[in-house]
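We just call them A, B, C, D, E and F in the order they show up, numbering each chain from 1.
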Amino acid sequence: MPVITVDWWRGNDRAARAELVAELTESASRIAGCPKEAVTVLVRDVAHDHWGMGGTLADELVAPPPARPRPSGT
Amino acid sequence: MPVITVDWWRGNDRAARAELVAELTESASRIAGCPKEAVTVLVRDVAHDHWGMGGTLADELVAPPPARPRPSGT
Amino acid sequence: MPVITVDWWRGNDRAARAELVAELTESASRIAGCPKEAVTVLVRDVAHDHWGMGGTLADELVAPPPARPRPSGT
Amino acid sequence: MPVITVDWWRGNDRAARAELVAELTESASRIAGCPKEAVTVLVRDVAHDHWGMGGTLADELVAPPPARPRPSGT
Amino acid sequence: MPVITVDWWRGNDRAARAELVAELTESASRIAGCPKEAVTVLVRDVAHDHWGMGGTLADELVAPPPARPRPSGT
Amino acid sequence: MPVITVDWWRGNDRAARAELVAELTESASRIAGCPKEAVTVLVRDVAHDHWGMGGTLADELVAPPPARPRPSGT
């Protein structure tokens, strides 16, 4: 039943997403008292130059991760 | 007035999106009693390896659609 | 798998929500080619004075529905 | 065309929402080059004890506004 | 930096939300490699009769929690 | 504290996003009475053929911007 969305900066690889999904699902299902199969997690990679922090695009504040083949993310 | 978002797995083509938008708009406008022009539908294609189901990324559970030129999805 | 959210004006009753959920689920499951059980629909009632249209709060543009016991909406 | 959502702490009154909607709409329509009528803004009041900051619910970090008749927010 | 939203059924109390926020924040900050202070978690309680599962409103499928004073949820 | 998301049509460049983030942050922080550093803005570029208006995909209604190297958007 819980639907969880995570918006975070692009640059995290599949292993990081897998770890995140496993941990958030475990926590949510235990706390909500529902089976893990009921938990959906959507991970959205957001480019630094699409994320505003304090009025500035994050690519001005933080060096984006080195360019690499675009992960099959949205 | 209704704003509808649809997060679903990447792999559906434009024809599927057009059909989805037409049907969801028709239902929402009729039920809400508002003109179709008032209805917005945002379709988000989510890669299988960004979608967690039961604590696992969906690309481990379901074979993603065959690779093809990336649709002009978000 | 599809997760659908609907933001619409407060004032629609349970019967309207049930009709909306049934129709959106039927359309999405058929078009996405997944079982209905895989479809989640979240319906969010938004008060007119929390909805901006053209720069104005909607309660200035449209008479909100007559006051009644607050539905068990979010 | 732009759809803007604002999640902020509960406690802002209608005048604040009206001012927010007017300003965000003006900015978005000018920058996107679309008429104001095309801009939708959804304002979500979130109770402090439903907002996590640094791992803690915000009502532990910030005194919520004085109790008053619940605004007709979602 | 990560912004996490959790939509789950109404009925979980403040202690459950505090536990959820603490755990999701710890996981996200460790995996993303960012300080906990950078993590925002928004918890949305959704009434069973606003949550569609398999085309049916959840209050037909699951007995909602016993009525109690409405938590200060959104 | 405010978290703002903007879904708008793909085609706006980085300068437009930077201007949007600066203005929305300034408005939200002033109206909410919080520091700019507390405001997060997520900008989502949505392709015209993923945006439904009045039941039709927007690429049928509006000529999408000329093809150019895909911006580093989500």
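FYI, contacts are C-beta pairs under 8 Å (C-beta built on N, C-alpha and C of every residue); 3 or more make two chains touch, one makes a residue touch a chain.
These numbers come from a predicted model, not from an experiment.
Path length between chain A and chain C in the chain contact graph, taken as the least number of steps between touching chains: 1. Fewest steps needed to get from chain A to chain D, stepping only to touching chains, is 2.
Relative orientation of chain D with respect to chain E corresponds to a rotation of 120°, obtained by superposing CA atoms and rounded to a multiple of 5. A repeat of the C-E interface exists among A-C, D-E or B-C. It is D-E, with more than half of its contact pairs matching by residue number. Chain E and chain F, compared by their mean Cα positions, are separated by 26 Å. If you average the CA atoms of chain A and of chain E, the two centres end up 17 Å from each other. Centroids built from CA atoms put chain F at 19 Å from chain A. Multi-chain contact residues of chain C, defined as those touching 2 or more other chains: 3-4, 7, 20, 24, 40, 42, 44-45, 51, 53, 73-74.
The touch graph of the protein chains shown belongs to none of the named shapes.
A list of each chain pair in contact follows: A-B, A-C, A-E, A-F, B-C, B-D, B-F, C-D, C-E, D-E, D-F, E-F.
Residues of chain C touching chain D in their complex: 7, 10, 44-57, 73-74. Against chain A, the residues of chain F that register as touching in their complex are 4, 14, 17-18, 20-22, 24-26, 29, 35-45, 71-74. Interface of chain C with chain A (complex): residues 3, 40, 42.
For chain F in complex with chain D, the touching residues are 1-9, 12, 16, 19-20, 23-24, 27-28, 31-32, 51, 53, 58.
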